[in-house]
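In the two assemblies presented below, chain A is common to both, partnered first by chain B and then by chain C.
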Partner chain A sequence: MKIVLFSDVHANLYAFEKAMQSIDAQQPDAIYCLGDLVGYHIYPNEVINEVRKRGIATIAGNHDAKVAKLTPEKLAEGGKNYAYSLIGDSEKAYLATLPAHIRLEFKLKGQLLTVLLVHGSPTSNDEYLLADKDEAEFIDVFTHANADILCFGHSHKPYHRVLTNVVDGQANYLHAINTGSVGKPKDGNPQGGYVVLTINDNSSTTVKNSVAIEFIRFDYDVEQAAKDIEDSPLSNEFADMLRQAY
Partner chain B sequence: MTIALFSDIHANLPALQAFFKDVEARNPDSLYCLGDLVGYNIWPNEVINEIRKRKIPTIAGNYDFGIGRASNDCGCAYKTDDEKANGAVSISFTNEIVKDDERAYLRTLPAHIKVEFQLNNDKLNLLLVHGSPRKINEYLFEDRDEKSMLRIMEQADADIMCFGHTHKPYHRIMDGGVDGQHHFRHAINIGSVGKPKDGNPQGGYVMLTINDNSSVLDRESLQVEFIRFDYDIETAAKAVENCPLPNAYAESLRKGI
Partner chain C sequence: MNFPENLYYSKEHTWLKVEGEVGTIGITEFAQGELGEIVYVDMPNIGITYQQNAVFGSIEALKTVSDLFMPIHGKVLETNATLLKEPTLVNTDPFGAGWIMKVTILNLKELANLLSATDYTESIK
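The block that comes next holds the complex of A and B.
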């Protein structure tokens, strides 16, 4: 089955609309959103309501989880917090009850294969699992979380890394997948991005290339998204970050 | 957030269409399907494709597991010889009409989905299975011994466990707490969209509401609503009668048995 994973929309409606068009054209069997619907841009409610309308199973990112903790004084401060002050009450209530993780347990050919979806890491929505993480430490993260395929966002830098965990002389291949960011990429490419994960009958931790992972990039109106930031009380630096993807 | 959970459609397209109409009017925040898309009626491919088209996270039921592998065993616990003979016709008929692509979809459905909430600095795990966490075709009936039910949920680390398979909806709250500390666990059978067996022929599903105060410490902090909806039962029953499937399945639909 074909599963689309997307993340870190960050209230960028222009990028989100194009992401939905691109995803619909892929005709996936299921879609999951790995969080951070809000922050850094001015369309949080539009993004939240489209995600809800589509019934997309979504987990909380650190920005989503933060919203409920901001006091009215903090929200009135402006600056970065302006982006959260725009969020409506119903949308806040939705963010406040998003789950932290979703776990998909496949049983293919009698073997368990666990796909764990988190925002940052299995222990924190604000921890970065970067591509150059020490292999043994990375394997520990998988072992503690009981995951074979770990999918996350948060850093806005997409990658797929296969880790080899040898248990009793048998090599187990674990997959770390950063889905990248729909609305605020930081890998130097300003296009939005998401991932297509394909699970086949023979997908297994013991067969190295038995899951297919595809990184999709799509164009959107970066200039308009950047201008809307410049025309708002948000810092112009956020607009520049969209143009330069950093 | 509101979560709609539905299950056991069993190739009944008129029931599935009526379900979508009903559920879409209620605007749930997410939707999960707990399996058994196929068997006992003439529209397995159409049901699969309606669910795929909507990209609904779906787990495998025992019938899906069997058909996915082109097996002649659906893992159903038929009691009488008549039931066994009818069941054999149904699985062979379903295997004949399910197409390759749809079969491949059934074969790679996950067995379980666990949605892990962290509200009020406490965890609250919602586990979705078809039969039980241990077996895809285990029946968890309402009268099951409480200790046994709690043990199954504790072993699966499930605070809220939703399942189908028996086609008889119920919600049971059990306190598995120790040392005066409550730990309420919810066992929820979500009923059946396309083959109810509780005497009510209407289709059924569940709407679950998780609030920011939902917790294992508070018995009433989770809202569980059982929804029943009308659908064109006659069309579904006549489809059974006009195909090689045993007429007994048409009677089951008309009576909800």
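The block that comes next holds the complex of A and C.
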């Protein structure tokens, strides 16, 4: 099956609309969002309502989880908190009930293959799993989470890393997949991005390349998205970050 | 660990350099060491006023997020935009290029609530 994974829209409606067009054209069997629908831009409700309309299963990112904790005083402070002050009551209620993880368990030719979807890491939506993480520590993360394929966002820097875990002389290939960000990339490429993960009936941890992972990048109107930030009470630096993708 | 003598320190591990009514704020060498590699510094907008000990931002390290507390009542004048591209400057040069923001100090009397380098060094032992 063909699974689309996207993350970190961050209320950027321009990027989100183009992402949806691109994803629809992929004709996926399932779509999951790995969190952070809000923050940094001015269209949180539009993004949330489209995600809900489409029935996209979504987990809570650190920004989504933070909304319920903001006091009226903090929301009134302006600055970056303006992005959260725009969120409606119904949208807040939705964010407050998003799950922390989604676990997909495939039984392929009698063998279990577990895909775990998180925002930051299995233990925290704030933790960063960066591409250069120590191999042994990274394998520990998979072991503790009981995952073969771990998919996450949060850093806004896409990557796929295969980790080799040798158990009883048998090599098991684990996949760490960072989807990158739809609405706020930080890898120097301002295009939005997402991932297509394809699981076949032959997919297995013992066969190295039996899972297909494709990184898709798409154009959107970065300049208009940046201008909307500049025309709002949000910091102009957020606009620059979109243009230059940092 | 060396803590410059010419700075004021808060128990929440921020430092304050006072030049006239302008205060420069960062986190200490001790704090950056405890946090580990810093990935993002969430800084406030210019013009916002914070009371002493109020949360003015946060620092995201690889494994944790920590609030940033105001060492003194002040109004934000400037934030260190370089940190948005190079957040690890807070790790490599916490008392220099890793400064976080400058404020207009609104109550100099509150300096009395802060620690000297010697007292701060004692407090983290």
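Basically, the second predicted complex is superposed on the first by the 246 of 246 C-alpha atoms of A that agree within 3 Å, B and C clash if a C-alpha of one lies under 4 Å from a C-alpha of the other, contacts with A are read in each partner's own complex, and residues count from 1 in each chain.
In this text, contacts are C-beta pairs under 8 Å (C-beta built on N, C-alpha and C of every residue); 3 or more make two chains touch, one makes a residue touch a chain.
Since this is a predicted model, take the numbers as computed values, not measurements.
With both structures placed on the common chain, the touch criterion links A:A96 to chain B but leaves chain C unconnected. In the superposition on chain A, A:I56 makes contact with chain B only, while chain C stays out of contact range.
Of the two partner chains placed by superposition, only chain C is touched by A:S235; chain B is not. Contacts of A:K107 after superposition: chain B is touched, whereas chain C is not reached.
In the superposed model, A:E17 makes contact with neither chain B nor chain C. Ranking chain B and chain C by residues of chain A touched puts B first.
Looking at the shared chain after the overlay, A:A30 reaches chain B, while chain C stays out of its contact range.
In the superposed pair of complexes, A:S155 makes contact with chain C only, with no contact to chain B. According to the touch criterion, chain A has no shared surface contacted by chain B in one complex and chain C in the other.
Interface of chain C with chain A (complex): residues 39, 42, 44-45, 48, 60, 62-65, 81, 84-85. The touching residues of chain B, when paired with chain A in their complex, are 1, 4, 27-32, 52, 54-58, 104-105, 107-119, 126, 210-212, 214. By the touch criterion given at the top, residues 62, 77-80, 124, 126-128, 130, 155, 233, 235, 237, 241, 246 of chain A touch chain C in their complex.
By the touch rule above, chain A contacts chain B in their complex via residues 1, 4, 27-32, 52-53, 55-58, 68, 93-94, 96-108, 115, 199-201, 203.
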